[in-house]
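As written, the chain order gives the labels A, B, C, D, E and F, with residue 1 at the start of each chain.
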Amino acid sequence: MPYINIKVTDEGVTPDQKLALIKGATQLMVDVLDKNPATTIVVIDEVNTDNWGIGYDQVTSLRKK
Amino acid sequence: MPYINIKVTDEGVTPDQKLALIKGATQLMVDVLDKNPATTIVVIDEVNTDNWGIGYDQVTSLRKK
Amino acid sequence: MPYINIKVTDEGVTPDQKLALIKGATQLMVDVLDKNPATTIVVIDEVNTDNWGIGYDQVTSLRKK
Amino acid sequence: MPYINIKVTDEGVTPDQKLALIKGATQLMVDVLDKNPATTIVVIDEVNTDNWGIGYDQVTSLRKK
Amino acid sequence: MPYINIKVTDEGVTPDQKLALIKGATQLMVDVLDKNPATTIVVIDEVNTDNWGIGYDQVTSLRKK
Amino acid sequence: MPYINIKVTDEGVTPDQKLALIKGATQLMVDVLDKNPATTIVVIDEVNTDNWGIGYDQVTSLRKK
């Protein structure tokens, strides 16, 4: 029944990488908490680098440095 | 004053369906909790089927089965 | 498969009201989007009135007015 | 280490406005809570006006009034 | 820089299990997306079983069945 | 109409600091985006240091170092 939300910058995450994130996060719930994978939900949000800030800066700017 | 966030897969939700979700979720807050609808906010997130996982799998794959 | 997150102030929501919110939000997904209720998840967050702000003010203060 | 999520309607927020939101939200954490800006994360979500409801209505409709 | 939010029911998750979730989710970001672990944030929310619904029902009731 | 969610560790944030966060975040929406403060919502989540991870570690452990 867990719900996992993964937020990453939108920088070319492939469908296979998304599947790996879903499989890995679901397995983590099974391994650590013995949760039922059938009702474990994983949602991945890809965020534009203009919209993600860290240390006062946009990731867009950080990538150019 | 409630805030309701609805996350669904991005599979052709129409503007009218979105309006129905907004009206229904707001009415639920009024009916059950006697909240003020004027400041009740509903935000709908439509998530790509590649980015939504359940039971180790991407919804994209589940839809093909 | 939808995920619905309801945030309200922590002001004595009863278990029965929570159940009504869960049932109502799930039914809304079935009625409007024909979703499967068996995998529809509803999570209710109750937020301390000190931690909820609207119009520059804490709800704690608004309740005293 | 704080995480700040800002949700606004998708109505032409410019990259400079996004940077101002990131800088301002990060500075708020430093000023009020003495947090380390280097690990303060700000994520801005721009939501389609069809997907944002307030007072039973879509923002799309409210903007036409 | 990723942000991972894990929501589970509040049913006795131990500090060691929380640490395992944090380590596992962070490692997943490194392995799949080559992200920097130093700025990868994991936040775990433990939700009262009265406040978590699935299939029209509260988890509190499901646990009694 | 914006919605701002601030997540910080639960380490003695005072009611006055919470009010300062609410006022500051609301003012930021007014200053940068010309939003209406009357419908701007700020929600602060205080997270147990066991439940917050960064760089593979719980904040509880980091505070002891």
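One rule holds in what follows: contacts are C-beta pairs under 8 Å (C-beta built on N, C-alpha and C of every residue); 3 or more make two chains touch, one makes a residue touch a chain.
This structure is a prediction, so every number in the text was calculated from the model and none was measured.
K.L.:
I need the common contact partners of subunit C and subunit E, sorted by label.
P.N.:
A, F
K.L.:
If I superpose subunit D onto subunit E using their CA atoms, what angle of rotation comes out, to the nearest 5 degrees?
P.N.:
180
K.L.:
From the centre of subunit A, which chain's CA centre is farthest?
P.N.:
C
K.L.:
Calculate how many whole Å lie between the centre of subunit B and the centre of subunit F, each centre taken as the average of the chain's C-alpha atoms.
P.N.:
About 25 Å, centre to centre.
K.L.:
With centres defined as the mean C-alpha position, give me the subunit B-subunit E separation in Å.
P.N.:
21
K.L.:
So which bits of subunit E are touching at least two other chains?
P.N.:
Residues 1, 3, 7, 21, 25, 39, 41, 43, 52, 54 of subunit E touch two or more partner chains.
K.L.:
Judged by the touch rule stated earlier, which pairs of chains are there in contact?
P.N.:
A-B, A-C, A-D, A-E, B-C, B-D, B-F, C-E, C-F, D-E, D-F, E-F
K.L.:
For subunit A, which residues count as touching subunit C in their complex?
P.N.:
Listed in rising order, the residues are 1, 3, 39, 41, 43.
K.L.:
Enumerate the contact residues on subunit F facing subunit E in the complex.
P.N.:
Subunit F residues touching subunit E: 7, 47, 50-58, 60.
K.L.:
Which residues of subunit B touch subunit C in the complex?
P.N.:
That would be residues 1-9, 13, 17, 20-21, 24-25, 28-29, 31-33, 35, 39, 52, 54, 59 of subunit B.
K.L.:
Mind listing the subunit F positions that touch subunit C in their complex?
P.N.:
Its residues touching subunit C are 15, 18-19, 21-23, 25-27, 37-46.
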